[in-house]
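I'd like to ask you about the structure that follows.
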Amino acid sequence: MVVSPVHFIAVPLLAAFLMPILAKVNKNLLRIVPGIVLTYLGYVSVVLMNRVATEGTIIEVLAGWSAPWGINLVYTPFTGFLATLMIAMSFLIWLYSFKFKKVDDEPALKYFILQLMLTTGSVGLVLTGDIFNFFVFMEIIALSSYALTAFYRDRNGAEAAFKYLLIGAFASTLFLLAIVLLYSQVGTLNMAEISVRMHDVPTSMKVSILVLFLVGIGIEAEMFPLNGWAPDAYSQAPSPVGVAFAALVVKAGVYGLVRITYTLFGIEGSGIGPFLIIMGGITLVMAEITALKQTSLKRMLAYSSIGQMGFVLIAFGIGTHEAVFGAIFLMFNHAIIKGLLFMSGSYLVYNTPNKEIKYLSGYGMKMPVISLFFSLGALAIVGLPPFAGFWSKLYILLAAADGALYGLIALILVVSIIEIVYYFRVVGRLYFGKPAEGSIMRKPTVGGMIAMSILAIAILVVGFYPDIITGYIDAAASSILNTDEYIKNALGAVNELTPVENIIQ
Amino acid sequence: MGGAILAYLAKRITPMLSSIVSFLAISSAAVVFFTMTSSTDVVTVSVRNFTLQFGLNAYSWVFAAMVMGISALVSLYNIAYMSGKDRLGYFNLNFTLAIMSMMGIVFANDWISFFIFWEIMTWSSFLIVVYNGIDEGKIGTKYMIFSAVGGYAMLMAIVITNSQIDSFLIADLINAYPTFGHGMQAMIGILFLIGFSVKAAVMPLHVWAPRAYSDSPMSFTAIFSGLLSKMGIFGMAIMFISVFSKASIGDTFIYSQVIAWLGGVTAVMATFYAVIQKDAKRLLAYSSIAQLGYIVTGLAIGTKLSVMSALFLAVIHALYKGILFMAVGAVERQAGSTNLEQLGALIRKMPWTFFSALIAAIALAGIPPLGGFVGKWMLYESMITSTNPSHLFLVILIFLSSTAAFLYVYRLLFGLFLGQEEPEWDHVKEAPAPMVIPMVLMALTLILLGYAPGLLFEPIANGMEFLGFENVGWQMSSLSNIWGDTVDMQYVWGSVVTLFVLGAIFITIKNRKSTRYVTTKDIHTSGEIPEAHENLTYAVDFYKPFERAIEPVMRKTMDFYYNHFGNGLESLFGFVRKIYTGNGQTYAMYVVIFLVILLLIGEQIFK
Amino acid sequence: MTTENNNLEREEAVVVALKATFPDLTARVKRIRRVEASVSKALTPSVLVHAKNVLGYKALSHISCVDWIEDEHFELVYILWNPDEKIQLLIKTLISRENATMENIDTIWRQANTYQREMREMFGIEFPGFVGAKEFLLEDWDDMPPMRRDFDTKEFVKEAFFLRPGREDAKDVRDTIAKRSKEEIPEFAKKYSREK
Amino acid sequence: MDTNDKGVRKIVDMITGFARSNSLFMLAYGTGCGDIEIPPAMTSRYDWERFGYRKMATPRQADVLLISGYLATKTLKRVIRSYEQMQEPKYVVAFGSCTINGGMYWDSYNTIKMLDHYIPVDVYINGCMPRPEAVMSGLFDLQEQIKKGEANGAQKYRENLEWYRGNQKKVIKNWVMPEYNW
Amino acid sequence: MEDILKLLGGAAATMLLAFVVGATYGGLVRKIIARTQNRVGPPWYQNFVDISKLYMKDTAVHHGVMQHIGPAFAITASVTVLMFVPVLREGGWFPWFENLNFKGDIIFLIYMMVFGSLGMALGIGQTGNPNASIGVSRGLSMMVGYEIPFVLSLVSVMVQTHTTSITGLMEWQTQNGWLMFEAPFAFITMLLAILGMFHYAPFDIAHAPSEIASGPPSEFGGKYLAMMMTSGSIFAFAKLVFLVDVFMNGASNLVMLVVKTLLLYMVPVLYGAVSPRYRTEQAIRYLWGWPVFFGIIALIYSIYI
């Protein structure tokens, strides 16, 4: 069975479109199909990861066209790592939402299709080497996330989706504009070639392209002024979608930003680094402060994930190997911890009126396991030592210290104190308030429990023994950093015009 | 060495469901610790590009022994104290985690593992502080914020030191410290000090301490105030002795001056607060802050004698604070309340608890025959004999707080154990055996240390030599200062005890037959015969006159400033939140503005 | 001092004033600065209020009780004092001896409460609606109220206490002392001696 | 040293007598009108402190109980209580005719007539309130008695306690007697 | 073995001397106060008679163990203070008089003086008498009051003479004159402090007989009161000797000792005989006012001379 990156995109798309037909055949088939697909993709990603670790980046040219036009998939350790992360997370989301909307089948079908679309979009975006293809996948992600936010047909679900749609459309137009300008200048769509030809683009044009790119992809990556839509989208969407947002969509956005700034424009000396740091910092501070004042749990988690993304941006802004390593590690941690928080959080607030935190008091006794997961997540996200979050924060701080950015360190630490405040306010209330009589508990589904326990175990394992994944992250960090090695692989493969068949087994 | 680590690793895995298991785990760790002999081999755990080193040196042996010994006893106490309370497994998990993390700190050779265990200690003690659910005064969040501030200040310092000398080992920091620039030395020093002084509850950062100590269950508070705060002292000692002493003279002077005076002010203010408290637990909480103030002053002065006294006081304080908190816990468990104004005359019902509380109180007040005096004597001598004059005025401050200590010590003993016998407390019986044994054992150690303080001087001396002092002299039982004045503790102990015994014998023998016991109802109330229900104890507002005398000093509490600061922040955040208005148009407008700005100034940024 | 020694107009004015409002009240001037009025039992409270508010007798100095055992009634005397006029007004009422009761007037003057307690303990007069501790001067007293004339103190004392012998009659001590120290009682003191 | 040998015993008695008589601690109960006589006895004109008398506030510390006037049954109850709280060689000095035979209250229904039926009295000082000189002379008599060793009121009280209790109960109706702690 | 016997003999002799002199001082004080009030006043041996009468009491009553051993604390404290203060300089009339003293550290003595009152306070607490506990709370608050100036003057003396033991002080004084003159401010502070220490009139709120029925010892009768009075007199003498040693370079023979101690003792006594009684907070405010002011001057003086 030939295993190649293209499967990542082909198989889920195929499955997504086949789903309606299969649903007619057997009602609960539509729940199982995404599971099968995701497990297969998981298998594929594991195999490819090993191969990448041994031979280096795998280039996959689709449908025979050469570099300037053809779509090629670049499977570097970095993109590979992100892809596996996303697939794993979407598998868990699938597990979590297995029993989703048991009652009426019809929306469940739509839900699973959209979920699959979202996964394919984000994986595709990560893998693609071609800028236009990048845009296409970005659109897929955007569309499916619009639909998913509007899943509950109530008023504020629609309003959130509309807001997201409004700003998302704006983003895609800007991105498209940037691509057009770029193409006019450089004449090619392949990222590697663009980065090669980039230096002879006049600076003023180069700057405007960069700005357009930044704003376009920034909205997706929830930078400060551009992330207005995010909190509403997160909180109004059904809980599994919230997890998807945190794990997939934001990651894709950040990857896009990084890919553009690092490979296309090159990070050294071009002022993008400090810009990223500043923007990241502002996002971090703003998000955390607003999170402190939130009363509903899901909005609070939303702001906190925006804040974490700001933190990742800072790390990427610093740009040293250490920092990038920390950033990727933080992305990994953020995915699993935020996932756990969203899952357990949504169970906790399932039936409290508009998700208020103050009704949560005393849930510790009633739902011991869920609140244990939530507090574990809280401890981890804040970065307390024995858990995963600590190592990533530590590495980023170390990188910042090497760069003698003492102000930045202080800012990060002050912000994490604010983070501690609002997380522990919830944990404190969970365990030590007096339970209100009328609160009925939402029994978690089996799937949900499995998903959450996997995540919890992941946090603990990474926390106690981080060396498991540091190997992969190291490789990923080095791959994103040296762009010329990326170009060599990407162009090299395309020049030989090797058709699909003779990819090495 | 490996054994000890193995033991506390074992603890970490078994989430104790019953306190007996936790007691076994801790005492097994203690046994392993005391039996293991060699203290030099190092265990390393490597994480990505740096290694976490665990090793035991002479200095940390003192603290390790203290932690192990006292926590083993307290966990025995814990069995009886916690039986019958709910969520036992949860409490014991955190209880053992906290103790394990303290051991971790003491073993850590490098800053990262030091910080890891420091944070574990923080949040596990946080989960216990909020254990019994009373959260008025937002104690949980207040404690978390302060320890987070402390912890993160330390993390920042660690990270900066690593960037300077890119190694985490404590030893490297010590030798590399002189080479840093002036500003860098100051920054690292101050950040570390903030981190440690939060835990050691030094004045400005002590606001969390009184409620945290009094709200958490008593068996943990014995550990909390006795040992957790000593971790702050452990770190501070390293900083003061080995790091600052090597820094430029100008710096050390400022540090030691400021911290010494802070310690002194903490001691005085905390004692004044302790005197006017109505609840035994709160009183003890303030008193332990005051005692910590002494220790911090001792460290800050930095002469050989004062550091010896500080470490000696640290151990003694852990002992008698442990006893007192356990005693109050026993009273709370038996009588159900610790309000000094209602309780009374428990001495006849709980004699053993009273005995150990009395010994602890004598040690706390620093009265001669017991260990407390030894520590206090050295502290005073070091201050009087020190060269810079400001220490002399500090002596007065410290002496004021130690005399006022007699007040609250007496109020504690009187409130709980003496006074009128009320029918309300007739049901009280002596605390169960597992509670009384640890208390009495600790009391005996205090008496022993009074007789031969040398037993404790020896490890402290080795520790100080390890840290940086040369040939720290110590004698088995006589204390001496640099002016050559000595106090021979054996002599003192002997004369006081023999005289006391003689006096007691004389007064019992003298017309033995016709001396009779009479209840406290049969007192001179100008002829009236008080019925059983009439309560004649004078305990309400016990020190009202003293309170009126020191009233001007007490008007503003530290909380007052912190609350103001907190509200200020709150309103600022409220304003910031308004940016996320919630409707789509404004978000779109933000994006456009951002785009425009970027395009305009894009030139300069992305040249 | 304003008043001539026996010019009694002001006292007469008081009597007139009293009679004006309470026609069937008999009032007379006893001597300078003292007026007496005897009032029926039912009328007393209104007279007292009138005296206090209108006639200016602000102060109630005492309530005393006279036991007319022969004609079977108690006489309650309310002694009022007018600080401005400096005239003392005595309001007298007669109440029957058997289960004697009288209106409670501690609403008009607070201190009446104490006097009434004494009345109740010593004479057994009940004041309905009157709040006061049972025991006032005597402790654990179960005999009949001691101030009533039908209570025989001598008998009670002989039976309750021990009397030291040798004190049968009230002998004059001075003679015994004079005899003991062999002195002569002086002339002028003789007429007081009871020896004869 | 054989204490029961006559000579030594005499010396010991002499010393105890001297000590007990020359330092009398008064518990002046100040019951009746006699108490006004004590301040002049204490102050500069008569100054009884030169004879070793001192006024003590509590029965525990006092030796002499001064009953200085008429005793209503109410005050008798408190006097008995204080007397019993005093420590062993204790004496009672009652002055004023009211304690002797009821004085001018001889026929009053609530004053007691003869004090010594209720508590043992060592010295009576008559006079309807004796002047300070009389009080002093009474106290000298007490000192003589102590020196001679006859002032054993406490012992008498202890021996025939039932008789005393009986008399006391006769006058004080429902007062429950706390047990006597001699 | 022989010198131990001599030592114990000496100690017993000192204790006896202390008791005798202390009690006579007590008698003298009562006589002086009487004289100021224009009365004759008791004989000088009145205290002895009182104490022996109390010892000869036949019965005694106590409210529990702590009250029973309360006086033992008091005796221990006063005798230990006496033991650790060199009563007579070596080579005095009675060579076997110097007691168990050795270096006689001052800080130890400051704490030892407090030991007695705290022990007694515990015993008094057990009696349950409200007057007694009011007395104790006032006494302890007052103690905080007068300890500060007391310590201020001692610290300034210690700093000036660079020694913290009494024998060291005495050697220093033999070379360069009495400390009374060498450290005048310290001496003034000490005088103001001992007003508070001896619990005489202006500061006798703790034992005020009229208000709280003789305060703390109100439940102590018979032998317990006797024990308290003996330890009181020994303690008074020990404090006086301590002060004389510190400020007047001790005494070589008994007569000098008595003269010096008496002179020093007259300050609180005479001041007390003529002054009314302070409330507790007034007392604390006063004791933290002028005495502390002089104490600070003494401290500065001792640092910079």
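As written, the chains take the letters A, B, C, D and E, and residue 1 is the first residue of each chain.
Keep in mind that, in the parts below, a residue touches a chain if its C-beta (ideal position, glycine included) is under 8 Å from a C-beta of that chain, and two chains touch if they have at least 3 such contacts.
Everything numeric here is computed off the predicted structure, so don't read it as measured data.
Asks: Going only through chains that touch each other, what is the minimum step count from subunit C to subunit D?
Replies: 1
Asks: Out of every possible chain pairing, which has the most C-beta contacts?
Replies: The chain pair with the largest number of C-beta contacts is B-E.
Asks: Measuring between mean CA coordinates, which chain is farthest from subunit C?
Replies: Relative to subunit C, the chain with the farthest C-alpha centre is A.
Asks: Provide the C-alpha centroid distance between subunit B and subunit D, rounded to the nearest whole angstrom.
Replies: One centre to the other, that is 59 Å.
Asks: Calculate how many whole Å lie between the centre of subunit A and the centre of subunit E, each centre taken as the average of the chain's C-alpha atoms.
Replies: Going by mean C-alpha positions, subunit A sits 80 Å from subunit E.
Asks: In whole angstrom, what separates the CA-based centres of subunit A and subunit D?
Replies: 100
Asks: Based only on mean CA positions, could you tell me how far subunit A sits from subunit C in angstrom?
Replies: 104
Asks: When you check subunit A against every other chain, which residues touch at least two of them?
Replies: none
Asks: Name the residues of subunit C that each touch 2 or more other chains.
Replies: As it turns out, subunit C has no residue touching two or more other chains.
Asks: Listing for subunit E: what residues touch at least two other chains?
Replies: 57-61, 213, 218-219
Asks: Which chains touch which?
Replies: Listed by label, chains in contact pair as A-B, B-D, B-E, C-D, D-E.
Asks: Taking the complex as given, what residues does subunit B use to touch subunit E?
Replies: 344-345, 347-348, 358, 365-368, 373, 376-377, 380-381, 384-385, 389, 392-393, 395-396, 399-400, 403-404, 406-407, 409-410, 413-414, 418-421, 481, 483-488, 491-492, 495-496, 499-500, 503-504, 506-508, 510-511, 514-524, 536-539, 542-543, 545-546, 548-549
Asks: Within their complex, state which residues of subunit D touch subunit B.
Replies: It comes out as residues 58-60, 77-79, 81-82, 85, 88, 178, 181.
Asks: Looking at the complex, which residues from subunit B come into contact with subunit A?
Replies: Touch residues, subunit B against subunit A: 46-48, 112, 115-117, 119-120, 122-123, 126-127, 130-133, 135, 140-141, 144-145, 148-149, 152-153, 155-156, 159-160, 162-163, 166, 187, 573-574, 576-577, 579-580, 582-584, 586-588, 590-591, 593-595, 598-599, 602-607.
Asks: So in the complex, which bits of subunit A are touching subunit B?
Replies: For subunit A paired with subunit B, touching residues are 159, 162-163, 166-167, 170, 174, 203-204, 206-208, 210-212, 214-215, 219, 225-226, 228-229, 231-232, 265, 270-272, 274-275, 286, 289-290, 292-293, 379, 384-386, 390-391, 394, 397-398, 400-402, 404, 406, 409-410, 413-414, 416-417, 420-421, 424-425, 428, 431-434, 466-467, 470.
Asks: So in the complex, which bits of subunit E are touching subunit B?
Replies: Interface residues on subunit E, with respect to subunit B: 55, 57-66, 68-69, 71-73, 75-76, 79-80, 83, 100, 102-103, 105, 107-108, 111-112, 114-115, 118, 121-122, 125-131, 133-134, 136-138, 140-141, 143-145, 147-148, 151-152, 155-156, 158-159, 162-165, 168, 213, 218-219, 223-224, 227, 279-281, 284-285, 288, 295-296, 299, 303.
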